[in-house]
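Dumping the structure here so I can ask a few things about it.
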C-alpha cells in the first residue's frame, strides 16, 4: 500500500512535470505544475518532512503558482481560450537534458552518499525552529532582508509609471 | 523502494525536465515554471539527504530558504515579465532580442 | 562565535541595515522625484559603514555560529564594494538616464545589494552562500530593469532574471550534492568530510563543483556562464552597468577564493605553505582553462563591437578571465594578485564607464562614432579616457599594468605548470590593445583639432580626476595599495 | 723625413679637396690653382723622395711608421705607411700623371659648370691613390681602395646630366665592389689566420707556415679579386670602357695610368703570399684578359674605347707578369704604361677637344666627336699631338728604343720562361705574344685612322686646330718619358732591361714554401731573354705592318675582312655581348628577384602572415561572437537547411540575442566540462 | 652634479610640464622650450661623456633609491660603456629632432609634449638598472610613439601606428613573462646587477617541459627585443611605421628606437643568460645574414625613398647581429679568439651608434625633399644635383655612409662586425658580404635616379637645403666623418665594458656549461 501510494505520487510528480515542460497550452502547464508541487509535497511527507510539505503547499501552491497564473492572465487576453506557446531548440534541449540526466544517474548510483539511520521524529518543526534560531539565525534575518528588497523592487517595477 | 537513490533519481529526472523546460519554452512564464522544477528537484535532494543522513535538519532548513527565495524570485521575475509585456506586448523570450551584436 | 557575541564585530552591517531601513522610510516620506535626500542618506550611511569596516579590527574569526568569516580579507572586499557603490551613487546623481523615474528605491536597493555583497565576501556556509548570491542577484535584476519604460532595460532585466535564476538553480543542485556527500553546510566540516571521501565520490564531486561553478561563474561572468553579460550590460542603465562590472565581481571573486581555498584545499596554502588538494579531480586545470577561454572570448568578441558600452562589457569579461588566472595557483600570491587587480580595476573600469556615461549624455550615443574627435573637443575627458584605456590594456605606468604584473607574477611563481596561462594572458593583452586603442584612435586620430573646447562640470571633472589620478599615481607608486592589500591578505582559514 | 714627405704627399691633395669642395666656387679661377699647387708640391716631394732613393741606392730599403687607429685590447688596427722603392716609384708616377692631368685640364675643362668640383675630386683621387700606395697594411689599403672607387665614381659621373655618364659611374662603382667583396673576404681570411693586417707580419706568418695550403690559395685569390675589379680584369672588365664617359684627362689619370694599376700594384705588393695555384689563376686571368681585350679593341671606332680596351689588355699583361712570377716586370710595365698610355689619352683628348671645338663652331650636335670614322688627316693640323701620339703608340707596341719595349719584353720573357718551365701552360706565352701583335695592329689603326688619310668630314677640317700649350705640354713631356733612356739609366743600352729600375726595385722571394725563389725566376727569364727580344720585335713589326697595309695603304680591305668574318667581327665590335648578357642574366634577374622578395615581404608575408594574425584574430572574434549569439542554434540545432535559408534574410535576423541559446550553451559548457573532468 | 643620470632622464619631463602651461597660440614658444630642454639634456649628456671614466668597465654614476621594496623594485640608474653612446646619441637626436619638427603646425603643444615624453622614455631605458624600471620605460615609449605616428603621420598613419603598437606590445608582453621568470629565479630581485650575478647559475639545469629554462627565457626575451631591432621575420612594422611617421619621428625611430632592441639583448640576454648565447649565436648569425640580404633586396625594389631607407635599416641591423654573434669566438671551443670577439661586439655597439647617426641623417634628408616636393617617389625626381647642389652633396655623403664607404663611420663598424664574425661563421659571413654590394647598388641607383640625368621640369622651383635643415644634418655628418676617420675616441669609451661583457659570456657562460 505505501509502495503503491509512493508509486502513484512519483508518477503524478514526474508525469505532471513532463506536462509542464511539454504542454501546448500555457494554462495547462500551470495546472500541471500544481500537481507537480503537490507530488513533491507528498514526497516530502514520505521523507518525514511534514513541516516542509506544509511549507511547500502554502508557499508554492498558495504563493508562487498563484503568482504565475496571475502572470499568465495579465500577459494574455482573457478571451483567448487556449494560450498556446511553442517551443524551440527541442532537439538540443533533449540532448542536453538527457546527457545531464545520464551523468546524474551514473553519479547517483556510484556515489557513496552519507547515510545514517535515524528514527522517524514525531515532528520536525521544533528541530527546524531551533536551527533557525540558533545556527541559521543570520540566514533567517537575511532572508527577511531579501524579501524586503524583493518586495520593494517588485513593487517599484510593477507600479504604474511615475 | 524507499531508498535514497530512488528520491535522487526522481529529483534528477525533475531537474532534467526543468532544464529542458527552461531551454525550450518560449513563453517567459513557462520558463519560470521550468526554473521552479529545478528548485524543487534540489529541494527533494536536500530533504532526501536530510532524511537518509540521519535526519539532519540542516537540509530541511536549506530547502526552507530555497522556497522563500523562490517566492521572492518569482515575484521579481513576474514583475519584470509584466513590465516587458507592457512595453513589447509579448512575453516570448526569444522575441526580446534587441540587444545583440 | 555565538550569535550574540558576533554582534560586536557586526556593526558595520548593522549600520548598513539601519541605512537601508531609514532610506526606505525617507523615500516613503519624500516628495521630490529625484530623491536627493535618499541618495545623500545612503551615501552617508555607506561612508559610516566604510569607517566602521575600517575600524572594526579583530583577529580572524567566524561569526554567527560559523556562517560568516570575519577577517581582513572580507573587510577589504567590503571596502571595495562600498567605494564602488559610493562612486556609482555619485555618478547616478549626475546621470540623466534616470530622468523621469523615481529614484528613491534605486538607492535603497543599491544599499541592499551592498549588504548582499558583504555576505558574499564573508560567507562560509552553503546556505549563506546561496542566500547572499540571491540577494545580490535579485537586486541586480531589479536595478538592471530600473528604466521600466525603456524596452532595452526591460529586456536586460528579463534576460538577467531568467539567466540568473537558471544559474542559481543549477548551483543549488550542486550544493545539494555537496550536502549529500558531507551532511553539512559548513565549509570546514565539508572540507574534512571531502578529505575522507574515496575515489568513488569523484564524479559526484566533479558534478557538484561544476554546478557550483555555474553559479559562481555567472556572478563573475566567466565563460561559459557569461552569456548574460553583454546584453545585460548594454541594456541596463549605464551606472548600473558600471556597478555590475565592478562590485559584484569583486564579491564573486571573494566567494570563489574562499570556496576553492577552503573546501578543496587543505587550508595551508594561504599561509604560503604550499597546498595540497583535498580532492583528486584537477580543478586548478579546469579553472585555468576557463580563465583562458574567458579572457580570449571577452577580448575577441570585444574587437568587433561598435558600441563602446558593449565593448566594455566584453572587456570586463576578459578582465574576469585575467583575474581568474591567478585563482588556480592556490597561493597567497595568487589571492594577492587578484586583490591588487580588484583595486586597480575599480579605478580604471569605473573610470571608463563614467566617461562613457558622460559621452552618452553629451554626444547622445555610445558607439565609437560618438567618440570621434572627442580628444580635441573635450581635452580633459579625452585625456582621462586615454589613461583608462591604456590602463585597461595594461600598459605602464598605469594601474592596469601593476594589476596584471601581480597576476602574472603569481602565475609565474606557481611554477612551469602554469606558464601557459601567463602566455595566453600575455597574448590576450596584445589583442585587447587593439580595441582599447580604437577608442583612443577615435578620440584623437579621427577628427581635427578644434577651437571650441568643452570642459565638463566641476563635479564631473572631480570624479574623473578622482579616478584618473590614482590610475596613474598607483601605477607609479603603488606602495599604499600594496600595504593595504598586504594587511588584508589574511583569510580566516582552518588548516587541517 | 720620408714620413713627413709622405704625410705631405698624402694630405695635401686632401686639403685641396676640402678647400675646393667647401669654398671652391668663391675662389678666384674657381680655385684650380689650389689643386694644381697642391699636386705640384706633391710632385716635388715625390721627386725628392725619388732622388733620395736613387742616391741611397739600396734595393732593400724599407721604412715603416704607423699609428694605433684602434685598440680594443686584443683587437687592434694600425694605420701606417710603408715606404720602400716600389712605393716611391709608384708615388712618383701618381704624382707625375696627376700633375699632368691637372695641367691638361685647365684648358680641357675650361668653362665647365662644375670646374672647381672637378678639381676637388681630382684632389680626392690623388689623396686616395697615394693612400693605396703608402699603405703598410691591408686594412688601410682597403680604405683607400674604396675611396679611389668613390672618386672614380664621382669623376666618371662628372657630366651626370648625361644618363650614360651616370650609368657608367654607378657601373664602375658596383663592379669594383664585386671585386672588393672578394678582397674583403681575403682580408678576413688572412686576419683570422694570422691576426694581423700588416704586410710584413703577414709575410712572416706565411713564411712560418701559420697559413698555408688551400686557405692561403683562397685568400690569395680573394685578394686578387680586388685586383680583378680595380684593374678591370676579365670578367669584371666591363666597367672600364664605360668609364670613358668621364672627362678625358680623368680617363688618362685614373682609367689608364694610376687607379686601374692599383690592382697590379696590390698583386705586386702581395706577391710573396701567393701560392702557386693562386699565381696560376692570376696568370690565366691576366693572360686571357690581355688577348681578349685586344681582340675587342681592334674593331672599336670610338677613339677612347680603343684606348680603354687597350688599357684592359695592357693591365692583363701586367697581371700575367705577376702570375708568371715576373712581377717586377709587371710593375715596370705599370710605370712605362702609365706614361705612354696617359700620353695616348691626352692625345685623344686633344683630338676630341679639337673635334668638339670644330663641331661647336658648326653647331653640329649630332656628330660624335670621338668616332674615328669622322676623323682623318689631322696630322698636319695637329702636329704636336700627332708626333707625341706616334711615340706613345710605338712605345705601347713594343718597338725597340721605346720604354714599352723594355717592360713588355721583360713580361714576355717571364711568360716564355714560365711556358718553357711548365709546358702544359703553353697558352700563357701565346696570350702574351698574340696580344702584343694585336696591340701593335690596333694602335696604328688608331693613328692611321685619326691622323692619316683624307679627312672624312672635310667641312670640319678647317676648324681643327692644335690644342693650347697647357694641353700639349703634358703630351710632350710624357712622350719624352716614353723613350727607353729614362729607364735604362745609368746604362745606355736600348735593349737592356736593366738600369736603375731593375737595380733598385728588386723582386722579393715568395714567402710561400715551395715557390721558386726570385733568383730562380730571374734565371729563367734571363734564359729566354734573347728569344723574347727577337720574337717581340717581330711581332710588333708585323702588327704595325698589317695595320699600315690595311689602313694606310689599303692593300687589304678592312671591310672585306669584316664581311668575311662577320660573326667574329660582330662579336668583337659588341664586346662579346658581355654587357648584354650581364644585363640579361645578372642584373635583370637580380632586380626581378628584388621585386619578388619585396613583393613577398610586403604583399605576402606582411599582408597575409603578419596581418594574418590580425585577420585570424578578427575571424576568431567574429566566430566567437557568432557562437556567442546564435552559433549552435543556427548551425547545429536547426540544421544546415534552415541556416541557409536564414542567411538570405537580414543580418539582424541571423544574429539573435536569444537568451535560451545562451542557457543552452552554458549547459553544453557544463556537460563538456563534466566530460572533460571525469573521463 | 649628483643624480646627473636622473637629471638627464627627467629634464624632458620638466620641459613637457612647461609646455603644458604655455597659453594657446604661442607655438614658437613651445618649440623654443622644447629646443632649450633638449639642448640642456644634450649638454648634460656631453658632460657625462667627458666625466665618464673609460678605464672602468662597470657602471658609473650609479643612483639607487627605494621604490617598491617589498617587490625588490628599486630606482637604480647607472651608465657604462654600452649605454653611454646610446645616451649621447639619444640626447643628440632628440635635440636635432626638435629642429626637424620645426615646421609642425598641427597641435603643436601635443606634439612637443609627446616628443619630450618619448625622449624621457628612451633615456630611461638606457639608464635603468632595475629590470622593472627598464620595462616601465620600455613601455612608456610606446604611448607617445603611437600618437606621434598616428596623429602627425602620413595617409596610412592610423594603420601604421596600431601595427607598430601591436607588434611591439606583443614583444613586450613576452618580455614581461621572461622578466618575471628571471625575477623568481634570481631570488625576487629586479636589480639587474644582482640578476647578472645570479641568473646564469640560478637557472642552470632547470628544465621546463623538456626544454632548458634558459633557452625558453632567452627566446622570449629575444622575440621581445627582436621586434624592436627588427630582426627578420619581425620586421614588417618598420617600413610602414617609417613611411607614415613624420620626419622627426622617423629619425627617432631609426636613430634610437631600433637600438633599444640590440641594447636590450646585450644588456639582458647577454649578461643574464650568457650560456644561451652559445646556443643562439648561430641563429644570430643566420638571422643577421637574412636581415642583411632580405633588407637589401627589398630596398633595391622600393620606389619610395623613405621605404628604401627603412629597408636599408633592416639590412644594416643585420650587420650588427653578425657582430653580436661573434662574441662566442672568445670561447675556448672557438679557439679563444678574443680578437674576433672584441671586434664583433665592439663593432656591433659601434654600428648601433653609427646607424643611429647615419639613418637619422638619411631620414632628415628625405624629409627635406619631401617638404618641398610633397612626394618621395624615387622615379619622380631626376637631375636634382644641378638644382640643389648642397643638398645633393650631403645626400651623396649620407648615402655613401649608408653603403659603408671607408672614411665614414659606417664602414668601420660594419667591417668590425664582419671581421669579428668571420672566424666562427665563415660561410654566413661570406654570403652576407653580398649585402655590401647590394647596399651600394640601391643607394647608388636611387641617387642616380634622383639626382642625375636631366632636371625634371617640375622641379626647377626647388630651393636648396635651408639653414635650419643644414643645422640638423651637419652635426650628424660631422660625427659620421669624424668617427669614420678616427673611431678611437668612441671605441675607447666602450671597450672596457665590452671586455666585461665578453668575460661574462665567455667565462660565466662557459662555467655554467655549454649546451
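Labels A, B, C, D and E are assigned to the chains in the order they are written; within every chain, residues are numbered from 1.
Note that in this section a residue touches a chain if its C-beta (ideal position, glycine included) is under 8 Å from a C-beta of that chain, and two chains touch if they have at least 3 such contacts.
In UniProt terms, the chains line up like this: C = NADH-ubiquinone oxidoreductase chain N; E = NADH-ubiquinone oxidoreductase chain M.
Only a predicted model underlies this, so the values are computations on that prediction, with no experimental measurement involved.
Student: Where each step is a move between two chains that touch, what is the least number of such steps from subunit A to subunit E?
Tutor: When the steps are counted carefully, the minimum from subunit A to subunit E is 2.
Student: Taking contact as defined at the start, I'd like the list of chains shared as neighbours by subunit B and subunit C.
Tutor: In this structure, the chains that contact subunit C and also subunit B are A, D.
Student: Could you name the chain whose CA centroid falls nearest to the centroid of all protein CA atoms?
Tutor: The chain sitting closest to the overall C-alpha centre is E.
Student: Which chain's C-alpha centroid is most distant from that of subunit E?
Tutor: Centre of mass proxy via C-alpha means gives A as farthest from subunit E.
Student: Would you say B-D or C-E is joined by more C-beta pairs in contact?
Tutor: When the contacts at C-E and B-D are counted, C-E has more.
Student: Could you grab the centroid distance between subunit A and subunit D? Build each centroid from C-alpha atoms only and quote it in angstrom.
Tutor: 100
Student: What's the distance between the Cα centroids of subunit A and subunit B, rounded to whole Å?
Tutor: 6
Student: Between subunit C and subunit D, what is the gap in Å from one C-alpha centre to the other?
Tutor: 76
Student: Approximately how many whole Å separate the CA-defined centres of subunit B and subunit E?
Tutor: The separation of the two C-alpha centroids amounts to 65 Å.
Student: Of all residues in subunit D, which are in touch with two or more distinct other chains?
Tutor: Residue numbers touching two or more other chains: 614, 625, 628, 657, 659-661, 663-664, 667-668, 670, 674.
Student: Could you check subunit A for residues that touch two or more other chains and list them?
Tutor: Residue numbers touching two or more other chains: 88-89, 92-93, 96, 100, 103-104, 113-114, 116, 135-136, 139, 143, 146, 149-150, 153-154, 157.
Student: Name the residues of subunit B that each touch 2 or more other chains.
Tutor: Each of 8, 15, 18-19, 22-24, 31-32, 48-49, 53-54, 56, 58, 61, 65, 69, 72-73, 76, 80-81, 83, 93-94, 96-101 in subunit B touches at least two other chains.
Student: If you go through all the chains, which pairs of them touch?
Tutor: The set of touching chain pairs is A-B, A-C, A-D, B-C, B-D, C-D, C-E, D-E.
Student: Quick one: which bits of subunit C touch subunit B in the complex? Just the residue numbers, please.
Tutor: Interface residues on the subunit C side: 126-127, 130-131, 134, 138, 141-142, 145, 148-152, 154-159, 161-162, 165-166, 169-170, 172-173, 175-177, 179-180, 183-185, 230-231, 234-235, 304-305.
Student: In the complex formed with subunit E, which residues of subunit C make contact?
Tutor: 390, 393, 395-397, 401, 405, 408-409, 412-413, 416, 419, 422-423, 426-427, 429-430, 433-434, 437, 440-441, 444-446, 449, 477-479, 482, 486
Student: State the interface residues of subunit C toward subunit D in the complex, per the touch definition above.
Tutor: For subunit C paired with subunit D, touching residues are 158-159, 162-163, 166-167, 170, 202-203, 206-207, 210-211, 213-214, 223-225, 227-228, 230-231, 281-283, 286, 290, 296-297, 299-304, 431, 434.
Student: Can you list the subunit B residues touching subunit A in their complex?
Tutor: Its residues touching subunit A are 1-2, 4-5, 7-10, 12-21, 23-27, 29-30, 32-34, 36-37, 40, 43-44, 47-58, 60-61, 63-65, 67-76, 78-83, 85, 91-92, 94.
Student: What part of subunit D is in contact with subunit C in the complex they form?
Tutor: 614, 617-618, 620-622, 624-625, 628, 657, 659, 661-663, 665-666, 668-670, 673-674, 676-678
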